[in-house]
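To keep things simple, chains are lettered A, B, C and D as they appear, and every chain counts its residues starting from 1.
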Amino acid sequence: MTKKKIVNDPIYGFITIPDGILFQLIEHPWFQRMRRIQQLGITYLVYPGATHTRFHHTLGAMHLMGKAIEVLKAKDIEITDEEEESAKIAILLHDIGHGPFSHTLEHSIVHHISHEDISEMLMEKLNGRFGGKLNLAIKIFNDQYKKKFLHQLVSSQLDVDRLDYLTRDTFFTGVSEGVVGYDRIISMLTVFKGQLAVEAKGIYSIEKFIIARRLMYWQVYLHKTVLSAMELQVNIMKRAKELAAIGDELFCTPALRTFMYNNFSKKDFKDNPELLNTFAELDDSDILASIKVWTNHRDLILSTLCKWLINRKLYKIKLQNEPIDKKFIGEIRAITAEKYKLSPTELDYFAFEGDVINDIYNRQRLRINMLYPEGKLIDITKASDHLNASVLDKSTTKHFFCYPKDL
Amino acid sequence: MTKKKIVNDPIYGFITIPDGILFQLIEHPWFQRMRRIQQLGITYLVYPGATHTRFHHTLGAMHLMGKAIEVLKAKDIEITDEEEESAKIAILLHDIGHGPFSHTLEHSIVHHISHEDISEMLMEKLNGRFGGKLNLAIKIFNDQYKKKFLHQLVSSQLDVDRLDYLTRDTFFTGVSEGVVGYDRIISMLTVFKGQLAVEAKGIYSIEKFIIARRLMYWQVYLHKTVLSAMELQVNIMKRAKELAAIGDELFCTPALRTFMYNNFSKKDFKDNPELLNTFAELDDSDILASIKVWTNHRDLILSTLCKWLINRKLYKIKLQNEPIDKKFIGEIRAITAEKYKLSPTELDYFAFEGDVINDIYNRQRLRINMLYPEGKLIDITKASDHLNASVLDKSTTKHFFCYPKDL
Amino acid sequence: MTKKKIVNDPIYGFITIPDGILFQLIEHPWFQRMRRIQQLGITYLVYPGATHTRFHHTLGAMHLMGKAIEVLKAKDIEITDEEEESAKIAILLHDIGHGPFSHTLEHSIVHHISHEDISEMLMEKLNGRFGGKLNLAIKIFNDQYKKKFLHQLVSSQLDVDRLDYLTRDTFFTGVSEGVVGYDRIISMLTVFKGQLAVEAKGIYSIEKFIIARRLMYWQVYLHKTVLSAMELQVNIMKRAKELAAIGDELFCTPALRTFMYNNFSKKDFKDNPELLNTFAELDDSDILASIKVWTNHRDLILSTLCKWLINRKLYKIKLQNEPIDKKFIGEIRAITAEKYKLSPTELDYFAFEGDVINDIYNRQRLRINMLYPEGKLIDITKASDHLNASVLDKSTTKHFFCYPKDL
Amino acid sequence: MTKKKIVNDPIYGFITIPDGILFQLIEHPWFQRMRRIQQLGITYLVYPGATHTRFHHTLGAMHLMGKAIEVLKAKDIEITDEEEESAKIAILLHDIGHGPFSHTLEHSIVHHISHEDISEMLMEKLNGRFGGKLNLAIKIFNDQYKKKFLHQLVSSQLDVDRLDYLTRDTFFTGVSEGVVGYDRIISMLTVFKGQLAVEAKGIYSIEKFIIARRLMYWQVYLHKTVLSAMELQVNIMKRAKELAAIGDELFCTPALRTFMYNNFSKKDFKDNPELLNTFAELDDSDILASIKVWTNHRDLILSTLCKWLINRKLYKIKLQNEPIDKKFIGEIRAITAEKYKLSPTELDYFAFEGDVINDIYNRQRLRINMLYPEGKLIDITKASDHLNASVLDKSTTKHFFCYPKDL
């Protein structure tokens, strides 16, 4: 009897972890590290329930991958056991390169290296250690495998990654409106000429999925207070790096120190394998513990920003469709500069503008194929009589301006 | 101590029924009758969980009315105790005129008299019996009261009726995607210049509400198999009335007999008060029990249709955006006529076309006002950058063709 | 590709109906009839959400049977495809003999014949029609098959029947405390020496299951107002049969008439096959539609009781652990007799006592085996250090007294 | 208009935070700190969803306090606005003295000082800063206020603390069986002769509550793998303190360093107010970040234990009702000592026994009063015919033995 491990999930009930390579990968320290990285970073300052981790999300996505493959097989799509295992490996490891606070600090800790780059490097390393058992998974991950739909299950407009994170983020934030019918959508997946597609009758679920995703963007991911907190955290790291660059002493955990006092390139990562190991030691606690100490740093800018974050005195933020009134910005910045005695460059840490883009659905890059009975694939933007294509194609940009609360 | 009655609701947990007139109205036989009328009629043939009743829905809507009024009061909108009670009475009784199988048989049992007409007559009668205590409720119901927003809570594009039925229908059918954030939407209700409005930040919840409603239309209310079942039920009642008109004997409960063997006008209802009482004796069981007996009627058309309904051998149905191909219809009708030996008029009971309209959101008639900080009301179709106005304004018509399964 | 039918279930998400005999049985009119029989009968007068049907419950139980078999197979218990299908058939048909209002009217419509008797007769008939394909299912149902655990899954203290109905009744009534961890319990099922057992680590889930069931008994199944409504309904049928016996005319649907004006024995059912068909035409609507007409019957007892039920003016009821005070009963009965001018035998329809037994867990008849690592089976009453055996063995009897509300 | 803050809660929907002192306390850095302390400490190593925080729990408990007071007022129990606010303050601050990893490390960071002691000190400090506004709250907290039931709502066998944490822990772990009917229980609360009581009809809910709590103890709080992880974490802190005591250098955040290199008494806290501030800087990240660094410490015991925790190679654990076999323990300890070259005292870090007590319900200390109609208070252990008193009184002790996984 093959003893399978079962994990409790408040969303799906139970998640079964298959024996073998999948189990071994989950046991690996690099995977366990994701237990200490929250899926939504600092968002818990607005949604206190949103403390779920990348670890949990990834297990969930693997679970949905299993469901999706089960559905496709029942529709006579051929998928071998090896392909199934590899697709699950690919989704399990798709986020392994994320650093602390995920997207927020993506370019604060290492510049010019995305989490996808690091995921790839880590996957290659693991492949070495596991004797090439990840070969097919890596092919699928990089879309180099002939059965395109397997890659599309891992990464496309309707992949199991999105289906899990929307479901999970909805559950833990309590924003019940963001709910997507993951089980209904999965039950209507199919493959047509090698492409992942959704049966035509699923059109309302897909429309709903797109609108729910959009709602989650503005209600959660880019919620104005979340945005304000993320900007604050980014500014803290930026200031800390500036101070490090001029040799100021900063309390840091050893792993964090490596990245605060150096600027590594991709080449460095390749030349120095130890660097990847050091990166893989970082998690949210390194950042939080260090920021707490910095609340007492003698640099007034750093210590002020850190106090704001730790004690949740976030920037006041104006977020709107139209550009922010220049006069208003000018006035606020003048008052801020005076109150805090700031030079023009320093002022940007306290009062600054920016943009956010909600890139909901970009037809050019990726499509959601609806499969019609006559054997036609039609993109959802054309198939829907409700979601106007010209609108769906457009991404929405919003403008924001942050400034001190206590002005 | 005023002892309040508490009712268990799987959706809201508990619903508290206030003492006094509200309690007495709920105890009234006309209100209790709604326990025997299912909210979604025959829909349970497709969604087996959808057996919830008008009684339950109405209690739920009253509960949400209480929540909405609580929110508005907390925002300093003046609402007196009498107004609150009357708004609750109005929502409690808004559906009281529904006959068996609600919308489906609305014009099968009494022609030319809508359930709203009967609701009004019943409310007037109740008002008489309760010594005028329903005066204000009736005014609110008919939009004759100065505080327009109270009527809008009872009946508008965003009333507590819709909020409850979408939530409830979603819950009992299990179509979880249809979920609307009723609590979030209610928490963002406000009143501006006497009109009910939604705070601007609620825009994503409202978009979501509109899309969810649309999904429920096509996934549930106008689901093609539901449609097929409803058409079958309507045809049965039509055929039975035809037979009654020529004096054929039909098994009927006494109350149903009154309406099968007569065609009453509004005037009849006014001239003969007993008629209203008889109508108020009808519920789903009269129809079901009678249809079951008719499965053995000697009229082949009636008995065939009744067997189909009772044993769930529904019409095959084609439902699509484009009109159904005339040639296809012609062929099927020819085969059907031959197989069942039907005259042209009889054939319409077995194979027929029709249209359905999903009138989602009609800006001309009713609006959902979004309230912007500067004190501007903007309709959701203009406020949303995503739901294209030209699309929202348009209602969707679909075409269908029904024909025997066993052809 | 084998096209499987999928049914929406608000509890399990989706229920898949396998092709073949299972699908055909569900399509059969006798099975479809269960759509018109509510699982909890008249309970909806207390819990308005409890309108779910035997049809829905049975599909759910079949779904759990599938899950249980999947779990056992993963633990290397041998179960063939034929055994799996037959176990599913057995559970699908286990309730097929239920008449209208299930348990409440079990002995009001046909005396001395239980729903199990009728289930068996219907199953035999179906087996004939389906050419012996139900042979194994019937063996399993009657516990005549060598693999005892298959029967235990259908009918034992921890069968999928109980797991589904507790879960479902909890869901639809909204009594969330009654929830049992059906998925956790199923995941811990195993087979030891041919007997169904639960792994030892499941002990807390089983304790919880027993307590939850007990809670459901007193909170729902034997809730005092539910009890009062059931007694009323039983009395109505009893009085109607009395009147029928002396030749009084009663409005009845034809199928109901057969059973109101005759008293059939098991032998009658065997001698006259048509009788079984007539029984299989009955559902809740026959009873409700007839009772409504009887509200105007000239027999004052019948019409009064019917009015009380239809308008929900239920008996007042006293329910307690101790016998009801005789003096109190005497006084109330005297007042009642006088007010309603009743003879002593008539009085029993208006004011009467009775007992109810909550037979939670009877060690003598059936056990819940806990499997300990060393390969010992221990009954839950001995394995639990918390649920005292002497208490668990005891069934609880409560005493009640019903009398008119308007005294 | 008083603008109230609303917080999303996936359990209760929305939690409203009243204006004034309650809002100000929640904004205070000491309260915000609880955002960084997980309610169930290291439990997320077993239940990945269990990442919820003390902050979230405390808000939830305040919400339930509001509900409970609402219920009591509706039953004509007199509660003034000041008393209501104070009861809410008391529950809001009841856990404020918790250090990182809550109960697990309670005596690892400061010996002989409980979290209640620190809560009290912090509450006194806050009372000073807020000009005595917490006077009544502190009285209620310490059970010095005449209305005993207010203290009982904060702390008793059936307080809002327990109701929230059982509900919340169930939700986030996904152990759905642990669910308690918090809303039903609250709706049945009452006050009799100054004591909090539950109406007699609530008896099944209370039985269910007790069993659910017990289930949560063994399934979650004292789950054997959770226990193993907690023991590991405690041992790490103990070893680190030992090393600090002999002057070994340990990486620490500054606040943690204060407590690792000193042993403070209650007197120290009173004499040196700064100490309390330093304690109030600690949260989970200080511990995690430090333990991660210690994985490279030259002390083999410390580094080994830290690696085990961080990479989730927990002790193997045997947990049972009977004492662990001495011979087995002896053998394992011998093998362990040899493999890791450990002295007898060192060995206790790697292979050791212990006990856990599940002190469910101790009638001696606290009672759950059931109020019977005749005005009698009966303790649940006597009122229940099912939960045997002699069993309920008994606490369950289990024995465990931990040893290395890789033996």
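Here, contacts are C-beta pairs under 8 Å (C-beta built on N, C-alpha and C of every residue); 3 or more make two chains touch, one makes a residue touch a chain.
Predicted, not measured: the structure shown is a model, and the values here were computed from it.
Chemist: Chains touching chain C and chain D alike, please list them.
Modeler: A, B
Chemist: Counting C-beta pairs in contact, which chain pair has more, A-B or B-D?
Modeler: Looking at contacts between chains, A-B has the larger number.
Chemist: What is the distance in Å between the mean C-alpha positions of chain B and chain D?
Modeler: The answer is 50 Å.
Chemist: Using mean CA coordinates as chain centres, what's the gap between chain B and chain C in Å?
Modeler: Averaging C-alpha atoms per chain gives centres 32 Å apart.
Chemist: In whole angstrom, how far does the Cα centroid of chain A sit from the Cα centroid of chain B?
Modeler: A distance of 43 Å separates the two centres.
Chemist: Pull out every residue in chain A that's touching 2 or more other chains.
Modeler: In chain A, 13, 175-176, 184 touch at least two other chains.
Chemist: If we count contacts the way the header does, which residues on chain A are in touch with chain B in the complex?
Modeler: Answer in residue numbers: 175-177, 179-181, 184, 204-205, 207-208, 211-212, 214-215, 218-219, 321, 385-388, 390-391, 394, 396.
Chemist: Quick one: in the complex, what on chain D touches chain A?
Modeler: 7-11, 13, 27, 29, 32, 35-36, 38, 44-45, 47-49, 51-53, 55-56, 59, 171-176, 251, 253-255, 281, 283-286, 288-290, 292-293, 310-312
Chemist: Residue numbers of chain B touching chain D in their complex, please.
Modeler: 1-2, 4, 6, 13-14, 74-76, 183-184, 187
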